[in-house]
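To keep things simple, chains are lettered A, B, C, D and E as they appear, and every chain counts its residues starting from 1.
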Amino acid sequence: MPARWWRTLGAVFVLLVFVPPLVLLVSGSLTEPGQPPPPTPRLLPEPLSAAGYEHAWSLGSLGRATLNSVLVAAVAVPLSVLVAAWAGFALARSSRRLVTVVVTASLLALMAPATALLLPRFVIFRFLGLTDTLVPLIAPALLGASPLYVLVYYLAFRGLPADLYDTCRLCDLTPARTWWRFALPVVRPVTAALTALSFILTWSNFLDPLVYVYDRDLFTLPLALRSLSVLDPTNFPVFLAGAVVATLPPVIVFVLAQRWFLRSESPGRQLR
Amino acid sequence: MLAPYLLGLVVLVLGPFVITLALAFTEYDLIRPPVWTGTGNFTELTRDPIFRTALVNSLVFAAVAVPLRLLIALALALLLHRRAMAAGPARTAAVLPAAVPEIAYGLLWLWLLNPLYGPINQVLALGGQNGLTVFGRTPPQWLTDPADARAAIILMSLFTIGETFIILLAARRSLPHDVYELAALEDATSWDVLRRITLPLIAPVLGLLLVRDVIQSLHFSFVPALVVTDGGPPPYATTYVPLFAYRTAFEYLRYGYAAAATLVMLLLTVAAVAVQWRLLRRYGRFHDR
Amino acid sequence: ACGSNSADKDDTPVQLLVFGAPEELEAYRTLISSYSKPVQLVEASDREDLLARLATSIAGGSPPDLFLMNYRFYGQFAVKDAIEPLDERVAASGVIDPADYYPVAMDAFKWQGKQLCLPQNVSSLAVYYNRTLFEKYRVPLPKAGWTWNDLLTTATAMTRDKNGGVIRAAESEGAALRPAVHGLGIEPSIIRLAPFVWSNGADIVDDPVRPTRLTLDSPGAREALKNLVDLRLAYGVVPTDQEVEAEDDESRFVNGRLAMLLSSRRSTTTFRSITGFEWDVAPLPIYRQPAGILHSDAYCLTRGSRNKDAAWDFLEYAISAEGQKIIAATGRTVPSHIEVSTSPAFLGPAQPPRSAKVFLDAIPTVRALPTVSTWPEIEDVTGGILENALYRGDRLDDVIRQLDEQTRPLFARAEYPR
Amino acid sequence: MTDAGLVLEGVSAAYRDARVLHRLDLEVHRGELLVVLGPSGAGKSTLLRLVAGLHPVAEGRVLIQGRDVTTLRPGRRNVSMVFQSYALFPHLTALDNITFGLEVRDVSRAAARERARAAAASVGCAHLLDRRPGQLSGGERQRVALARALVREPDLFLFDEPLSNLDPELRVETRGELKALHARLGVTSVHVTHDQTEALVLADRIAVLRDGRLEQLGTPDEIWRSPATVFVARFVGSPAMNLVPAGGPVAPEGMPEALGPERLLGFRPEAVRLDPTGSGAPATVERVDVVGEDAHAYLRLADHLIVARVPASARPAPGDPAEVAVRWADVHVFDAGTGQRVPL
Amino acid sequence: MTDAGLVLEGVSAAYRDARVLHRLDLEVHRGELLVVLGPSGAGKSTLLRLVAGLHPVAEGRVLIQGRDVTTLRPGRRNVSMVFQSYALFPHLTALDNITFGLEVRDVSRAAARERARAAAASVGCAHLLDRRPGQLSGGERQRVALARALVREPDLFLFDEPLSNLDPELRVETRGELKALHARLGVTSVHVTHDQTEALVLADRIAVLRDGRLEQLGTPDEIWRSPATVFVARFVGSPAMNLVPAGGPVAPEGMPEALGPERLLGFRPEAVRLDPTGSGAPATVERVDVVGEDAHAYLRLADHLIVARVPASARPAPGDPAEVAVRWADVHVFDAGTGQRVPL
């Protein structure tokens, strides 16, 4: 079908626009470090060298940092999704008034620049004795990673057919079970999307660790990467290698999440 | 079920935010105790040329970048929401820029935008002579000309639409199927389908993203402006309010003053959002039960 | 800011906040590991990060015990009483004798008569040059006592096209010629301009101790400024802004396409990786009298530290001869400890630059910038204006007026060391 | 309190501004099967939703087996409902849809499946248990929805047009199944349908609803033989009852007294005889619909159109002249103004 | 090419692995109204979706008015369809739902509204035009969906159970409306329904579908009077046709020859007489359903259950003995093995 071909054509165009920068990123990381930086990136570095990765690994303690990042993500991402899905669901089943209040508050929260929160949060975490631990990095999970995700869930849950909610009410399901048995499975594409996004958000959190974590052993990847970014210009492959390492997990997560997008049980077909 | 979120919202964001905003009425240098100055900071802001520049920069950025970002994300979501050859990789590719750590991405763009050797300008100079474009004009001086630098920051922001894109993708995929079949039967053109079905049906999500993007774009410009143009070209072509606030607060230790700048920004954002909020409400109504 | 004197605990490690590239941080780690007691290195990547950390942690009531900071930026902390004066401890110390250190560095960290921080290095501006290139084009090498005019002639002679011919690349010449080699790299900023103003017998501020305005309108300063911008506008020996954005001066030098570069000791580590050519350093050219500008970082003990004695112990160790040798090994610093600076640890011929002594020779003539609390802002504001002056050819009168007008409110807001 | 399975006392309901049910009083005996009939939009679904607790009661009380459930939440009312829209969970297979209500009530998984299979078999969807709703035809979905309701043993069954998308054979079968089940379990049931036969066959009593008001409540026989209003008379029966003004073109045989035009005479198509005895009213055949063994002949008498059900084998042809005769015993008399039945 | 309004040539369709239509051949004349009957899951909706182009054709060809549309996209086929699920746009009012197809075809707004109002009025939803689908009852939604289909003048109408949720009165009315419209416009139509009466009254011809295969295609009269198979015989007619083995309990009056048990005798409930003349087969009344004027009596003869339609006034009581008689003229003979009709 022609429409299909247009889609493919479009997809190829998207690839052409979005991929080259990333190819440059990878090829740059494979350049031999210690050379004068080429003024223009090359597609195929000459000679090819993995030394950038070795240096990055040792200089930036990437191993340790990756471990920390994974640890944070492993706790924070499921928690974020859980909190966001809960909150979104609760909102979808709440009275108009409460919804207005919470949505307004969420939008206000979205408006708060990260830099405006650093200091008061620092005081809070210090008061709780949590600075210099990984807890402050996990804490944003309480927000569902971002209030936006709560609102997206809210819209998704609100869009489900009312009759289905009614069926759950008839079966005397508690809200929690309604959420678990019905609402959450049906919005699986949304969950997949938001899981990927909150992973990316958590993974690339830079300001929080910068301010709340002192101990080098607790550094996460963005911090390690930041320290590589101030290397001499001759060492740019080392930095790029770090960047590739830091980019890889989000890519993997996204590719995995993508499968779930496509396996949607759209409630639409039986909406009447 | 709302409790954890509300806790996070109040303790982690709203509370701290209110504290910071309260400090807008004080002179606070992060070290000595704050001193109440009333509206002193605000009067000073009105006279601060740097702040004024930053504010205008931010507003222009939002006005240009937000519609473009939304349009592109929407176009991509609609293009790629179905299975097609190359669609899967394209979806991943479209999200990737948002997944690359910001600093690395900034550095990458420094390369891309390199005025002499950068691929972008080399492509633009294809067919031209003496490093000029085919039309005999000098290619954009991304990093040294104020207007071009602003364009560069916007260009960069157009690539980090991953989040918007994915959310729209998910929204599109959960729309009912049979109404599209009906539209196909009526031989509705793609344009009609878009205008009369898809857009109204995803309007709530779109509205939310619009609001979010307006808000975000007023923060977004931070890292790229820092890494790529460092707030320049001189004097303050790409200094946006967040960068201004960050520098003022943490480099110049004028936290109270920065808080005042943030508050001004917030009020403007609230005004902008209030307008869109009404749109959102109007479109969202059909979902009401 | 609470200056509590709570009991020191032996087991809690001293926290030291520094910033730097990974190799630099590695040197600090070596320093720490050679120290007998536990010290926790709190790492930041650059100055902005360090400031954000320091400011939030001081405000949040749990500052690191020690931090390392340039004298140009410590003023805002000093003025706010965030730094613990060290005079008594120095006096009581058996390890540190103030006389062992370059006075100019020590003085830069005096605030209202008190020694707030203790410097670990004392650097100054020098001219790095590509010796191989000079020899190739048979241009005389820069040497001590050379003048601004010598610099200009040299730079002009070294600005070459692809074929090695001397070209003039100023805009006024019209041609879209791009030199393959530029004669000189210099960053348009107040800290690069200042030594030449001083050398020309003028001053950059009206009062070095309690400045109220920039005095670049004085004839001497004006001449120095004009000569600086003429490098680009009249002679085209420095790269254009586009070229700088395309390839910064350091990379350009490393790539062998910049004959001379004005920079501090900082660049040495980068340049040590150069294999393609030989390079060396020369002293700054002079107008009327030799003048240099101080670059110095110091250890400061925070007022809010909970662990002051232990912190002091470490500080003592770090700036002692032993500690400084370790840091000097990175090549990045010129030790503030006189003895160390003249020892092979610094001057050792194993590594370039051969003429490392240039840095030491300059020390007697270096001057410090005013350490007012708003200095960071002043540097940022003047930087933009000077950049435009150099690259876009703003009228000199306008430039000077702008510099004056835009910095006045900053001076007015400033608090002074005395 | 009472022995009623379901009582509505002066119940009203509204959507925002629009009132849909008006102070409805209704009593369903315990174990009774009540069929609710009424035109589209009469408020039948709303009534069920209200009983289930899914729609708020504006005024009045609802009692299920003597318990006042007006303020009780739906899950606590122990009712089982088939939605007009089926309301199947798109992400669950038919089997999981059916067991849904059981599992959340902590019936063991095995037992739940056992019962689900039985329920599915009884409505003829046992072969579909692995499919998702999106993979089912309309009628198949409806059967799954029905099975889901039947698998439980509630105090009250609520069926909202549960058989509307089934084919006739299956409908008859399922109807029988429902009737048997009802006989076996004796659970009070309220059943909304548009199908005459279904209503008449299944119902213990029938409630006819019109614009949110109860028009008549009675046994199928009562509804059929003595409709309380013109509305009920015309609504039940297909083709609908003929109505002519008294003293008009048709004069029933054996009418005891002459009635004025303020009365309407109603008689069903089955009661119309077309025998050409000469005593009937002359008419012309306008159209004839053949429905299997029967035919519906539309007859024009002056400006009235009258339908007669005749055997298909003996049907007249369109255009034929005919004579219309009705026996007085088959005639219902209504007041032309109020539409109320006039007792004779 | 041909004069046919719609032709299916050896058309098959499948969902993933499951084949739903099997090499179907079907020709609908231009201007004809074809009713498709069949049990739930027979593939009726699939057939319509396939004609509309919404479901891919696995093999075979589809022609609309002589045009081969097999590979044409839905919008180019110029068909108008009512979905079983209505497929109303949730965000549009009823009016906008109806005008949708016109507006995307660039009919002026005013004209579109005019026509929409007319279409809505013809199916009785003119008073609902400002509401959104979420605010409509089931039947109201269906009417809007119907109006949306009727507002256009396509080459082909496809109706998927368009009246299933309407009340009988409205259904009769709308049915009449559809018939009149069809007579007026003469547009070829395919109409899926479960309603016998609807099928018999509306259809020019009826196609009976079973498991994706065409069981019989013929006029209502043919379908009713000479069902081609046991399946058709039992499927059409309610209650379904009685079937007993030849030589079994029932011996029709006037049977010319004796038939072996490899034949089945079919006779409709209407054909069963219960007159106690002594010549019939003895039976017992098991159950009696009263449906208005009629009653369905279920009679047990040995191990067979037979249904008779009798006037309600003359119905036997359950438990009564009865005698069953059938005339040979009313009997259909089928082959017991193949289920095919045996011509006599």
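Keep in mind that, in the parts below, a residue touches a chain if its C-beta (ideal position, glycine included) is under 8 Å from a C-beta of that chain, and two chains touch if they have at least 3 such contacts.
Just so we're clear, the structure is a prediction, and the values are computed from it rather than from any experiment.
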**Request:** Find the chain most remote from chain E, comparing centres computed as mean CA coordinates.
**Result:** C
**Prompt:** Between chain pairs A-B and B-C, which one is joined by a greater number of C-beta pairs in contact?
**Reply:** A-B
**Prompt:** Between chain B and chain C, what's the gap in Å when you average each chain's C-alpha atoms?
**Reply:** 36
**Message:** Rounded to a whole Å, what is the gap between the Cα centroids of chain A and chain C?
**Reply:** 40
**Item:** Separation of mean Cα positions, chain E and chain B [Å, integer]
**Value:** 58
**Message:** Just the number, please: Cα centre separation of chain C and chain E in whole Å.
**Reply:** 93
**Message:** At least two partner chains per residue is the criterion; list those residues in chain D.
**Reply:** 84-85
**Asked** For chain B, what residues touch not just one other chain but two or more?
**Response** 30, 114, 116-118, 176, 178-179, 249-250, 255, 287, 289
**Asked** What parts of chain A, by residue number, touch at least two of the other chains?
**Response** 39, 119, 162, 226, 229, 266-267, 269-272
**Fill in**
chain B partner, complex, touching residues on chain C are 1, 48, 51-52, 55-56, 58-59, 76-77, 80-82, 176, 241-243, 245-247, 374, 376-377, 380-381, 383-385, 387-388, 391
**Message:** Which stretch or stretches of chain A touch chain C in the complex?
**Reply:** 34, 36-37, 39, 59-60, 118-119, 122-123, 126, 131, 210-211, 214-216, 219, 223, 226-234
**Prompt:** In their complex, what parts of chain A are in touch with chain B?
**Reply:** 4, 7-8, 10-12, 14-15, 18-22, 24-25, 28, 39-41, 83-84, 86-87, 89-91, 94, 102, 105-117, 119-121, 124, 139-144, 147-148, 150-152, 155-156, 158-159, 162, 175-176, 179, 187, 189-190, 192-194, 196-197, 200, 203-204, 206, 221-222, 225-226, 229, 236, 239-240, 242-243, 246-247, 250-251, 254-255, 258, 261-262, 264, 266-269, 271
**Request:** Would you tell me which residues of chain D are touching chain E in their complex?
**Result:** 15, 37-42, 44-46, 84-85, 135-140, 142-143, 160-161, 164-172, 194-197, 200-201, 220-221, 224, 234-240, 268, 270-271, 289-294, 296
**Asked** What part of chain C is in contact with chain A in the complex they form?
**Response** 15, 20-23, 25-26, 40-46, 49, 52-53, 56-57, 59-62, 64, 246-248, 250-251, 254-256, 269-270, 273-274, 276
